[in-house]
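Look at the two complexes coming up: chain A is in both, with chain B in one and chain C in the other.
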Partner chain A sequence: MKLREYIFKRLILLIPVLFGVSIVTFILSDSVGDPVAAYIGTALDKTPPERIEQLRVQLGLDKPILDRFWIYLTRLLQGDWGRSPTLQNQPVLEIIADRFPASAELAVYSMILAIAIGVPLGIISAIKKDKMADQVSRITALSGVSMPIFWLGLMVQIILFNFNVFMDGANLPFNIPYHERLTLNKYVVPRTILFGNFGATGFLLIDSLLNFDIPLFFDVFLHIFAPSFCLSWVQMAIITRMTRMAMLETMKKDFILLARSKGLTERVIIYRHALRNAIIPTLTVAGLALAGLMTGAVLTETVFDWPGLGWWAVESVSVLDTAAIQGFVIITALIYVLSNLAVDILYAVVDPRIRFD
Partner chain B sequence: MTEATANTQDVILDIKNLKVNFYTYEGVVKALDGIDLSIYKGESFGLVGETGCGKSVTVRSVMRLIEEPGKIVEGEIFYKGNDVLKLKEKEIRKLRGAKMTMIFQDPMTFLNPVIQIGEQVSEMFLIHQKIQKDILDNKKKLSKYLKEKVVEIFDLVKLPDAAELFKRYPHELSGGMRQRVLIAMSIAADPDIIIADEATTALDVTIQAQILNLLNKLKKDLGRTLIFVTHNLGIVAEMCDRVAVLYGGQIAEVAETKALFVDPIHPYTQGLLRSIPLLHKPKDLLDSIDGVVPNLVNPPSGCRFHPRCPLKEDICAQERPKLVKVLPEHWVHCHVKQREYEGKV
Partner chain C sequence: MVSDTEYLGEEIHEDVFSFRVSLKARWKEIRYAISLLRKSPLFIIGFIVIVFLLALAIFAPIIASYGPREFDIRIMNEPPFTTDERTTLKWTGYSSLSGDFDLDPDLKARTWVADFTNNSLDDFMVGTASTDTSEASLLFFENRGATEEKLNWELRDDYFDMPIPEGVTRVVPTAGDLDGDNDTDVIIGGDDGHLYVSLNKGTPATPAWTAFSILNNSAGQMFNFTGQASPSLIDFDSGEEKTYDNGSHLLDLIVTSDIDANTGRYQIYTYMNRGNRTHYSFGVLTYNWAGKPVPYGPKNVTGKILEINPTTATTGSLRIYFAFINNDQRPDMILMFDSGKYEYYTASSVVKDPQFLPLDKSEASVLFEFPALPEEPFLDFRWTDFTGDNASDLIIFANNGSVIYNFQYYEVDGRFHLLGTDEQGGDIWSRICWALRTDFFLAVWIVSVAAVVGTIIGGLAGYFGGWVDNLMMRITDIFFAFPGLILAMSIAAALGPNLFNLSIAMIIVWWSGYARIARGQVISEKNRLYVEAARSIGMGDMRILFRHILPNSIYPLLVAATLDLGGVVLTAAGLSFIGFGAQPGDAELGIMISSGRQYFLSAPWLVFFPGIFIFLIVLAFNLVGDGVRDVMDPKLRR
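Take a look at the complex of A and B:
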């Protein structure tokens, strides 16, 4: 099977999966509580029953469940995902369009960091098994998995704050920030600059470059550094251990012995012959982790005031904001399915045997 | 060294008192216990024995491919007068693939599944052959040159559609084709010694015959030394000029193939040959050698074969026999037989 056919087949399969997800989210959100309560909030006791009844009709809650599902589904396809009382009754789709890029940018950036550090570290500790380098990387990895991320975030903030105070006299052209996405141009949202309402990508690092706004790029870069460092530390730990294990496994394979018998140098054996075989489990872990991060790293986003999906999702669950929950779940499912697809395609690129299964 | 220098021109590979241990959790496996072998230039030499007797370990030691937890603890291996075991890692890499190559047992697992076949073979040319500088600097020229070379070598091992095979992956080929690819790889850099480590065991009989013919032809045409490692006595009888029989990490007998098959001297070799079923002499019960293969963590003292040997004497358990020439070109590792043949050389 050609790679293109494989991708096409997988994309077609998305349709039934997403339909299934929409059924499940609808039933679940319908059965957990009364959506009217979310609209009224704490004033429930003082609201007259007529008003509640009126709201029920307005929200379509008086209709039979199948009708309601149909309405929900058509609205979903039309792009009317309801409004979220959690955020001043803004349309859900707009909130997602606004906040998703923030989460995604943070996720992608920290994943790149995690892979860039984790994979080489894993390789080194596999090659130097049980030697000094392996022990150092083991401790590094252990520190990553055992530090709670909110604690790590707070520590990083404290260090950055002290650093800024300490460097105060040095007249640096910048402070290292530890809040939000940007300080410069705070009220000129860069997505309105060049590409109309939705911006080019919503990724500020990319958008600022597209607009040749170097100070903005620099500002955004400084902002994303601290939260992505915290996030990537944990992922890096997992990736390191995964790569190490897979490398150790691969280095015992017969084809490595053959490569040795050919007179290849250890370097070529490791990077050309072993790594491509060993990288597959790492890809799986990284792909799933990336999806998890994209849908919002709640703790990190809270610690660093990052305007992503995570905070909004948690808030809307706690006040039973049905429209928001449904929208969030659909987006989450979509991201997971797409990232799984991306991982599978990468498999097929790395390992030619998979294309034929 | 005195013996070796006497006929250095003939001897291409001289193994002396080779000992290899494997340090496992169950204890130290003494896989090779003092192997002495001389292999002549241009011959095809067979190494036979049961599974676990140390055939593969011997040839892998020659290329220094013993991996953890294995270790070569003692001995010398002379290739053209140089001790392979004393070479630096960088120097041994220049021997591997260029001077000695190995064709491995299982064509299914010894090719890298994620690299195109042509690329895997062209690595041999890249690292072991001097390529003109103007070709090496030009990427397009280089890939064209390598492809030509690979197609040439594929034709030599009779792989069909050589040009088309270049871009294929190992899983797209049959077992026989993969084995041919392995052979192509092993002869690519024109080595002196080709070691076939059970190279045909995984193949069915017709393919096996084709591969053996191919190897034989390569040996004759290119004048290379072939070392066959196998437990298949039929292949040995067919292919080899001389044979060494291994038992439990020791050499039992070395002789010319015909002499060994017609008139085996060592009791183990005799037992081994007796246990081959013959079509024209049907038996109710097949012959076998009594007892079991020794545990090499705690091997029998003296001659390792003595617990199973029909000729066993007291001395066999106490003292290890030497490998002694009892007839011209015929060495035996046995106290009893050495006494019997004393003075016949």
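Take a look at the complex of A and C:
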């Protein structure tokens, strides 16, 4: 089977899954909220029943469920995802486009941190297997997995708050913030600058650098620090364990034995030969986790008031904002499925055996 | 099983048929695994922590000094290591006072309490009626105040010596300052239906009483009631905004009498004092039971005339007692019948125009810890603050001459807040103990239901293969396509946020993982020899699957379930934190953090301790799960 055929087959297989996703989303949104109530808002009690009936007809709620599903599906494919009352009735797609960069920036930044800490920790723990260092890194990793991230976020906020109070007399040029994405009242950033001549990525760190706005960069950097620290703590734990396992597997392979017999130093064996082979599964896991984080770290974003998809998800679910729930459930599922597919295809490229399974 | 073997007519090794034999073979492996686990320090630490937390959860009723829903806004946000300083009212329990009064067992006492001698100690005026001699007397007991509790009454014959009016065989006394000279005057109700008044023209210490004269109303008419008249002097309209001389702030008269033979109803008559400071003048009847409602008088909360419950209305006379029984500055009311039946009413309106709410006697003790009166005929009691500690006390005169008392006192709560209190005044340590119960139960319930459902579905898919397998695996694919937290959040919101729906939502999210594991296991097992043998003797598919294949593929599922427990606790707490699980008031660790969040900068312990406990549970589960996995997975055992 050629690679092209394999990819084609996988893409075909994607269709039933996506169809199922749309069914689940439809059932969810259909049972979550009353679209009429979401449409009218708080004036539901005062609205006469005739008007409600009229609205039901208008919104197509009087039709049988299969017809409604068909309408929903066609609208979805046409790009009409409805409007979200949670955020001033903006179109859902626009909100997603607006908020996705915030979540993605946080995800990327925290994943970089996690890899930077987790991979070395994993290597150490593999080299010194069952020694003190291994146990310490194991406990660190397990504590990361076991940490309730919303609690960690609140603890970090307490520490930062007290740090700011403590440093009050020192007249630092800045306070370490722990809310939002940037200090709006300090730097009122027009959209044209953010998405201006150079940067249109929505990633504030990159945009501000492209626009040579150093104070903005510094501000954004300070803001992203606390939430990304919390997120990376958890991810770091996973990456450490993964690296350790992969390293241990690789160190038992024959080519390492060969390298040893050639008389290479342990350092060269570990970093040149073993690590390069062991890093592949680690990066796979990291990539999948990154995809998960991109769709919004719900708890972290709630704790830090981060204006990303996760925060919007919580807000819209708690007010039963049907269109928004549909929107983000579909977008998260889509990203999930596509990133899984991307990883599989990448594997197939690397390892031709998979194609013939 | 044995008969099957015989049927085949040849010798076949037993473990081909029975999964139990196969399990026995695995028992050796399990014992070896346990011996390995006992050498792993991290597993042992995790195990000990779980046992400790489980013990906290199981023994929560003993360990937690506060109940799971015990809140008091008065102690909110107390820091750790403080003591509960709240005071509560307690009763001493009944003790005897008969020695002080030394009443004749034949006497029926009708009492009134007032400070006759103006020494800030409550004196007793006891009107008596003897059942055999038909001779009434009026006894005065002065409070000597010798004991610490100010309980020391002594009969003083010389203080009140006016003879009872002619023809009166039973007297009911009441007292109060009627003529504004700062001493106490006496009104008695006789069994002839008249009221008699005797004024103190001397000083409180050396009284000079006027002889009893019949009391008239402001129109000069004689008060005349059916049977025994029971008067009470009370400032009924005390809160009214009127000048002093206009009649407000004066003692008003409330009289109850025997049941009216014509109407079959009891009557309560209210006469407002429309005189001035030095001259009392009880108006014409301003209110009675059957009359129209007037501004003052016993009414129910809807402003209508208070109806006496017909089941308790029997015969004889009715007496009315006003007391501040629940310390809310409003007069509460007890209606007492001669049969010993009584009813509580608590005032629910403002002071000047009380409106009464009938109280269930069994509920009354819950509301303000109220000792039930004994239901004895001809009982009399006084409900006043005798001890001067701002708590109402109770003295009961039984119909056999014995006197008992039950005093209220303030007790400091004194319970210890090990970890401080939360924003609603709940003790954090106790709430954590209760919450551990919730979270453990939630985790075990979710994982076990999800594992059972997933195993059945995955097992069926793996065993039958073909389109069943395809369909079921596509369904699990769909569930894998959603991030777990977001799917669980949406389902929980759709079902309505509470703990049960949270568990349902999480089961829906979680089962697909087990289905995949079970399917893989069943596929690898279904071509084994024992399955073929079972099929060859004509065993049904379901029996083969559930009795033979699944029990043999249970270990990977158990490992997966152990590993999942921590994650389930974490997710459940997270969902409760963002408001899709436990509701305010539930003892659950996630909601504790979420509700403490608004105060967390000034009171970090609200958030810190529940989080530490979530962390401990999850860490312990993960340590145990890690250890179990390492042992069960031969690849890692090398």
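The definition used in the following text is that the second predicted complex is superposed on the first by the 258 of 357 C-alpha atoms of A that agree within 3 Å, B and C clash if a C-alpha of one lies under 4 Å from a C-alpha of the other, contacts with A are read in each partner's own complex, and residues count from 1 in each chain.
As a working rule, a contact is a pair of C-beta atoms (placed from the backbone, for glycine too) under 8 Å apart; a residue touches a chain by one contact, two chains touch by 3 or more.
Quick caveat, the model's predicted, so the values are computed rather than measured.
When the two complexes are overlaid on their common chain A, residue A:Leu264 makes contact with chain B while staying clear of chain C.
Of the two partner chains placed by the overlay, only chain B lies in contact with A:Lys253; chain C stays clear of it.
When the shared chain is aligned, chain C comes close enough to touch A:Ala313, but chain B does not.
Contacts of A:Ile158 after superposition: chain C is touched, whereas chain B is not reached. Contacts of A:Val145 after superposition: chain C is touched, whereas chain B is not reached. When the two complexes are overlaid on their common chain A, residue A:Ile325 makes contact with chain C while staying clear of chain B. Looking at the shared chain after the overlay, A:His273 reaches chain B, while chain C stays out of its contact range. Set against each other, chain B and chain C differ in how many residues of chain A they touch, and the higher count belongs to C. Once the two complexes are overlaid on the shared chain, A:Trp70 sits clear of chain B and of chain C alike.
By the touch criterion stated above, chain A contacts chain B in their complex at residues 253-255, 257-265, 272-273, 276-277, 350-353, 356.
The touching residues of chain C, when paired with chain A in their complex, are 41-42, 474-475, 477-483, 485-487, 489-491, 493-494, 566, 570, 573-574, 577-580, 590, 593-594, 597, 600-601, 604, 607-608, 610-611, 614-615, 618-619, 621-623, 626, 636. Of all residues in chain B, those touching chain A in their complex are 63, 65, 67, 93-98, 101-102, 104, 106, 109-115, 123-124, 127-128, 169, 171, 182, 185. Across the complex, chain A meets chain C through its residues 16-17, 20-21, 23-24, 28, 31-32, 135, 138-139, 142-143, 145-152, 154-155, 157-158, 161, 245, 292, 295-296, 298-299, 302, 313-314, 317-318, 320, 325, 328-329, 332-333, 336-337.
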